[in-house]
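Working notes for the structure below.
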Amino acid sequence: MRLLLLSLALITAHPAAAIRARDFGIAPGPMPTGPLNAITDVPGMAVGQVTLDRGDTIRTGVTAILPHAGNIFAEKVPGGIFVANGFGKLMGLSQVRELGEIETPILLTNTLNVPEAAAAIIEHTLSQPGNEGVRSVNAVVGETNDGGLNDIRARALSIADARRAIAEARPGPVQEGAVGAGRGTIAFGYKGGIGTSSRRTPEGFTVGVLVQSNYGGRLILAGVPIPPPPGKTAARVSADGSIMIVVATDAPLSDRNLTRLAARAMAGLARTGSAFSNGSGDYAIAFSTANSVRRTAARRAASTAYPELGNEATTPLFIAAADATEEAIANSLLAAEIVTSREPGTDETRRAVALDQALIRRLLATAGQPAR
Amino acid sequence: MRLLLLSLALITAHPAAAIRARDFGIAPGPMPTGPLNAITDVPGMAVGQVTLDRGDTIRTGVTAILPHAGNIFAEKVPGGIFVANGFGKLMGLSQVRELGEIETPILLTNTLNVPEAAAAIIEHTLSQPGNEGVRSVNAVVGETNDGGLNDIRARALSIADARRAIAEARPGPVQEGAVGAGRGTIAFGYKGGIGTSSRRTPEGFTVGVLVQSNYGGRLILAGVPIPPPPGKTAARVSADGSIMIVVATDAPLSDRNLTRLAARAMAGLARTGSAFSNGSGDYAIAFSTANSVRRTAARRAASTAYPELGNEATTPLFIAAADATEEAIANSLLAAEIVTSREPGTDETRRAVALDQALIRRLLATAGQPAR
Amino acid sequence: MRLLLLSLALITAHPAAAIRARDFGIAPGPMPTGPLNAITDVPGMAVGQVTLDRGDTIRTGVTAILPHAGNIFAEKVPGGIFVANGFGKLMGLSQVRELGEIETPILLTNTLNVPEAAAAIIEHTLSQPGNEGVRSVNAVVGETNDGGLNDIRARALSIADARRAIAEARPGPVQEGAVGAGRGTIAFGYKGGIGTSSRRTPEGFTVGVLVQSNYGGRLILAGVPIPPPPGKTAARVSADGSIMIVVATDAPLSDRNLTRLAARAMAGLARTGSAFSNGSGDYAIAFSTANSVRRTAARRAASTAYPELGNEATTPLFIAAADATEEAIANSLLAAEIVTSREPGTDETRRAVALDQALIRRLLATAGQPAR
Amino acid sequence: MRLLLLSLALITAHPAAAIRARDFGIAPGPMPTGPLNAITDVPGMAVGQVTLDRGDTIRTGVTAILPHAGNIFAEKVPGGIFVANGFGKLMGLSQVRELGEIETPILLTNTLNVPEAAAAIIEHTLSQPGNEGVRSVNAVVGETNDGGLNDIRARALSIADARRAIAEARPGPVQEGAVGAGRGTIAFGYKGGIGTSSRRTPEGFTVGVLVQSNYGGRLILAGVPIPPPPGKTAARVSADGSIMIVVATDAPLSDRNLTRLAARAMAGLARTGSAFSNGSGDYAIAFSTANSVRRTAARRAASTAYPELGNEATTPLFIAAADATEEAIANSLLAAEIVTSREPGTDETRRAVALDQALIRRLLATAGQPAR
């Protein structure tokens, strides 16, 4: 029975020619993007998404972010997590902070399926060749609450779904909008979801960002206030929700400076008008994919000469993280399509509409954008 | 098949007349204990344990700690978590810190079954009467790694096991030693496990502690060094492992002062000779059970006059937490029985022996204890 | 000799009819301001400023913020400090975090005169009637680096200067711009300084903010990018500097929620285009002035019923803190006048020009502001 | 007048043949000490102390710890600070945390003279050759409250005193007991003060510790309870006070692992019976003196290959820090002589007696020490 249901899960395909923020002139900051304008511009990065769109109530999914294509447990990456508002169920926090490293794929999903995602990471890690002796795994899982569209209490995501997202992770373009962990999320009253963007610093480093947008406030795109959807009052005061932000870079940063990099993502979030409300879980996870800073078993037990970008060389990366976050969020909104579902236990239809692209164009033109 | 295996799980019975640290004169600090010398001396507290002792490889379990007998999600308790060394997979950290409250039972288990314990807490919470609209649950789960005796990679604990520990939680005496989450743990080369103790402050408050001991170093009981088991070298330098400490009190403390209370548990841990090694996850979770500080839905959304013990009245509670932790750890060791198992994939027998009680008596007598 | 120099210090007068951000339609967020649109809208608050403009090299000063008119040490206020980027010399951090309270006036000054400001707070506190037995004082001092205009190595501020700022603190309007601790600061290449703003929440609470702006990035006012001063390149990438933000409220918040309130000030900062660069010390200090939560000696040593606004009632205050910070920063820039000085040891003149008000009006009009 | 008073300050001489804990068999842990059993066993380290013993009321001083003999600002050392209980006025916390580095000598003094110590550090740094362009200095100052013997409200320490401690810092033996910042401190009712100890790890690294002991609880030496001084009741419950712990190592640790190293000092503190009371400021500052990890200007602005001891190689250093702290505290007590003073404004004599060495010998012998 379960297997039958699983077969209904959508396999996300790579997108054809999706609408993105840059098409509207939304291009925060002075730095250029990478070729894909995606987190996968950081070499070695892979993303996998499984979307559950089942019956008239299940609208959820899972998004996997892999720092590199090898055995992540064996070759851990330095990483840090910044918690701007900790109303959330993120797993893995204390060990990442203590050891300064990430040893698994990162999964994003809905609030009540964090255990299944964590179990999938553990199973995946235990089963990898070379990990036969592994008895401890620090799964990193983030979440936002998609209960506004998804029957979240059904806890629909299975361990197998989450493992599939890991298995199917690929480099290349990343599908945005109402897919994966973003299938059921809502931001500013509009359909939110997965978005991504990247920046190249003058020094040649790449910073890539992927977000799962599900929060509220007073939407601002390129500095221009955007009204809430028709029929919805200004969502700002009451709006809860959350956002998970993942920041990858190929710069050789220490875990301390990666935590600082993660903190800068919040500046980009703020510029989109987030209310940073009590109930919004606002988290950013950052890591470095640089080969030279990977922590192999040999390195972890000895003295190793890691290259490290000095404190005073970090500012361009910090700016890149903020700008790419702002754009990734805009992408998550602009790529999202309308999603409807039935409120469990009722006949009521729930609906999150997409941003009105014509309206956005008009408002930005009036404001003199894309002169920014 | 799974149901069959489940039927082999042991139901922990309340203990008859177990050996405890006080029988050896180990009674740290000036304050008296509560009637049971257990975390359950704190009014309303309940503990439930499910022990898995299956075949010749599974030696694990789960211990549930319930702050009160009501709907914890509806009536949250103020709480705090102190991380002395964050090499661990504890769940729930960021939300407890952000909101200063615990909204579920606390479960302790093995490292790789944290997801199952978390899923059990979520299912339990969703299913409680009054929680029909709940769509967000911050499960608090702690763990230590019992892979030295348990086939931890089998991930033997099921969601049902963990739910049973919650369902069977009771006030009254707490079984100690190689039970529940302590079934497969090892401390200082000896069999460790679950231990508990309590203190009454001069002001009439109770502080109760429960530990899951699984760490190493140089064992000290009542100030007296205790040698490692025969055939084991001084475990100190190399010993990893972890400890989970849960501190309950009926004093009306703010979440900030509960976090400080949790920090004091580490002083008791230090006095037992912990090495605080790189790989030891050393966590303490503290909460207040006082009715007056419970956070009901009405209180969370309005201005409420909570009683709060001032900073300058906290010291006796701090001392109580340290002393009760030291004694709870001693209890966990002294109550433990020998546990053996087969190393998975081999014919090798693994064994953790109990402390040699005659030796302890002799060493403590020589040192002039129980004069302490 | 020293007294002679002191007589040259400017006594700041209350402003007549200064230009403020609202005059340009810069009015972030939906909530109204208090009557003064200043931190002093929070009842009981007082601000005192001493400006040092001495010879051709000293351009510095000190700004004192007093949570109430009584003996602050005897009646401490709950408080919290949020550090977005800790490149700074703020004093008092660990005790505010540990005890959740502020027990002195808060002083802002330049980086190298923090000791003198701290000494002034200590002397002031020791000398207050009722404090004859006080032997421990946790001075809270913030700073930014005004070395771009001020001969900061001269450490020109005296203890007496700082004590005078405390002594002369008054309720009522607050002078903005190049005064007090803002005399020598520079933001976005323009003259920055002291700015203030306030908000009234729908529930009737007031949130007041005061900033000392001295940071860089890509200036944004009301969502509209503002170019750097003529002859300066886009300051964004390289610009360091700092900002100190003080947030006062009459809402009865716990110290935990005050720390969260402080964190929200960073959202306002982000919306002005801060680069959050490596070298920018970005700090916010928040406290509650509510009589009901003051921590008197009797309350600190006993159990007290403090009213506390629940977590779920905090969002409007959070939004207010972000919006008031954004506006306070704009005020600090718009009120600032040109300041010049001589670079010590050279003949070079240094200069920070004020924002070009006509340009601002034009850019905001083009962008459709003040429609925001 | 001030100069006259200064001439009364004692210049601390290097000790002849002081009594130390090892003379009593107090030698915690398995590792050997360095040649001096002092923080100065770490190559390059220097310590300077100025003791103020003036009239019948001033009993205070300052202790300077220098990570290396060069220009510390130019060649910063990686460092971390662990706050076990933040009731204290330590300066420099946020920048050390943010940047992971210490750029000045560390000074310890009394609570109310922190500003003078900080000013001394700033003046010292500005005046060093090569620092002519320095405009920002993060002074690190720790303190404990010696108001039990010292007229602390007189704020007797001058900037010149503190500068002298820096100027006179030397490698070699360190004077212990009632000297420098330990002149007026009291621990467990006995005279406390400055103590130091060191350990050599099996891998050949040195860990050195220096403490300023001024705290309370239930004194334990080598596991043996020591009663309070005659006429004083068990100091445990009420005793406040503080301790500053400085940990130096030549191991190439990252700032994160140095913060973890600092945390381990608290285990040694706990083993001496600290109550970790509400009012006890319990801080540890750790840094690495290894040349290879010094952060020069060139390294801070570029990518540098720093050697770094991996997480899994840290445990021996952690154990060394705990053991050396326990012994340094014992040294601080055993080296201290009786100090008396007059309570300011009264005719009352205050007195802190030294530990009764004969009693200690007897108690330790009874307990079978030094068998530990």
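Observations
Note that the chains take the letters A, B, C and D in the order they are written out, and that residue 1 is the start of every chain.
Criterion: a contact is a pair of C-beta atoms (placed from the backbone, for glycine too) under 8 Å apart; a residue touches a chain by one contact, two chains touch by 3 or more.
These figures come from a predicted structure and were not determined experimentally.
Chains that touch both chain A and chain D are the following: B, C.
Distance from the centre of chain A peaks at D, each centre being the average of the chain's Cα atoms. Centroid to centroid, with C-alpha atoms defining each point, chain A and chain C lie 35 Å apart. Chain C has its Cα centroid 45 Å from the Cα centroid of chain B. Touching two or more other chains at once are residues 85, 98-99, 260, 311-312 of chain B. Listed in rising order, the residues of chain A touching chain D in the complex are 98-101, 252, 254-256, 260, 295, 299-313. Against chain B, the residues of chain A that register as touching in their complex are 83, 85-95, 97-99, 111-112, 114-116, 118-119, 122-123, 126, 134-139, 145, 147, 152-153, 155, 281, 283. Across the interface of their complex, chain B is touched by residues 29-30, 84-85, 202, 217-218, 220, 222-225, 234, 236-238, 240, 260, 263-264, 266-271, 274-279, 311-312, 314-316, 318-319, 322, 366-368, 371-372 of chain D.
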